[in-house]
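These are the structures, in structure tokens.
In what comes next, chain A is part of two complexes: it sits with chain B in the first one and with chain C in the second one.
And now, the complex of A and B:
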């Protein structure tokens, strides 16, 4: 059994986003906030459902960022698709930077490994992008 | 007699100045505290042990400032160790704990950076995705993208709803305005079952009577 509050996004976060968009003089009814909460949750289910259907058809077990971008375009939400593609690239760059900083931290402890890692890094970046996706599948 | 007291007072003052090594170095800490207040170190504070001597931990929260903070932290650590040795005997353990705290705080900073980028809790989004399809594995970049896409969706939906309320000459955004947006634009068709338009019972009964008479 899943509790209803856990099934939805937190209403406080939803209300905060709405307040930032609307002018300060505007008011929001409680019913409108709850409706937005429901709609946001349904949006998530809608997009991820489409992406997971695509993965099932292609016999894949893991949904990735490209599937989400495709789903947004397929569902007629092109406005979001373009921005989300950009976010995806930024996120992957950030992950690469994190991975390289972690490698540097481990290399500091062992200077011998530094030489090897510097040689390997030239060939490894594509693998590093796959690593985060492989780790966190649950 | 009064003159004899003065040198004692001076000696006492000297003693008081010698022992509190903390005081000489605390002013250095204070500007760092202000910097930390802007960067929300409070999340890490409850996780660290609530000791009054946890001041070096506050400085560690500011490691994002750069190496300067680290040097001050080292100086503070040495000062605190000296002061602790004066008060208690067992202070070797505290030198080991700050290293573990640094690692935890680095992880927390990473999580905080992600939380700053994302408006909604990642776990909640993951749960919603899992409820849609439990067999499917989801990578973390998917959760991040869904977070961002939902944020964009809410912003756009809210703007459209507000335009509707302005046309209606109302200052507050209500359910009615959202319903008219959903039924007015085709891209919100997937929400038509979740945001039905409200009609009066009379109108609903009239429609059902018409359908019945039409069928009959």
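And now, the complex of A and C:
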């Protein structure tokens, strides 16, 4: 039935999500997983289509996270829309934090290449010239 | 000290196709999005990440509804007909009616 497995979400991943929500003793038939694969793939296409229409009408080329949130609401999937708005917000916050910590790392990169040079008396021990990002991670 | 936040996987994995904290592969999601229509030309980096979560919620809900049907039948194996019944019984899943009726 499935000639192009690439056109669907992977059955192993779909099966895992199904299993996680069911009681431990529950079993899932292979056909049920395949049906869920089809449904979840269709879900993506359906919502993307709606989001893409909106972008097209607004003369925008790129479908973004907000468009998907909007499309979920427009298609009657309001409870998903609300959850995804929150998720997107957290994701964007995490991205901002990542970007700002990267900026701090580049600012702090020590100019001390020569251990003997003592012009910059910042008080930092010489071994910290090697990996400023590693220092942040500790 | 680095604390592993909810999105630490995102920070390491990016959207290179690795799953990170996501349960579904982002590259595959992007492929499906592109195939959904000729209009879909460009997709922002966050879109597949958003869909990964949305699909997870969708699969969870449909699975739970299907399982109710399984239990009504006093069975412990969720089968394809249970999924079909759940789709038919849920208004917001009307877009799937043709899909589940085809097979």
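Here is the rule we go by: the second predicted complex is superposed on the first by the 106 of 138 C-alpha atoms of A that agree within 3 Å, B and C clash if a C-alpha of one lies under 4 Å from a C-alpha of the other, contacts with A are read in each partner's own complex, and residues count from 1 in each chain.
Keep in mind that, in the parts below, a residue touches a chain if its C-beta (ideal position, glycine included) is under 8 Å from a C-beta of that chain, and two chains touch if they have at least 3 such contacts.
Here the structure is a predicted model, which is why all the values come from computation and not from measurement.
Overlaying the two complexes via chain A brings chain B and chain C into a clash. Of the two partner chains placed around the shared chain by superposition, chain B and chain C are both touched by A:91. Of the two partner chains placed by the overlay, chain B and chain C both lie in contact with A:68.
Touching of chain A by both chain B and chain C, each in its own complex, is seen for residues 6-10, 13-14, 16-18, 21-22, 25-29, 31-32, 35-36, 38-49, 52, 55, 61-65, 67-69, 72, 75-77, 80, 83-84, 87-88, 91-92, 95, 98, 136-138.
Remark: chain B residues 110, 119-121, 124-125, 127-129, 131-133, 135-142, 144-146, 148-159, 161-162, 165, 171-175, 177-178, 186-187, 190-191, 194-195 touch chain A in the complex.
The touching residues of chain C, counted against chain A in their complex, run 1-2, 5-7, 10-11, 19, 23-25, 28-29, 31-33, 35-37, 39-44, 46-47, 49-51, 53-60, 62-64, 66-67, 70, 76-80, 82-84, 87, 91-93, 95-96, 99-100, 103.
Of all residues in chain A, only 2, 6-10, 13-14, 16-18, 21-22, 25-29, 31-32, 35-36, 38-49, 51-52, 55, 61-65, 67-69, 72, 75-77, 79-80, 83-84, 87-88, 91-92, 95, 98, 132-133, 135-138 touch chain B in the complex they form.
Those residues of chain A that touch chain C in the complex are listed here as 1, 6-10, 13-14, 16-18, 20-22, 25-29, 31-32, 34-36, 38-49, 52-53, 55-56, 61-65, 67-69, 72, 75-77, 80, 83-84, 87-88, 90-92, 94-95, 98, 136-138.
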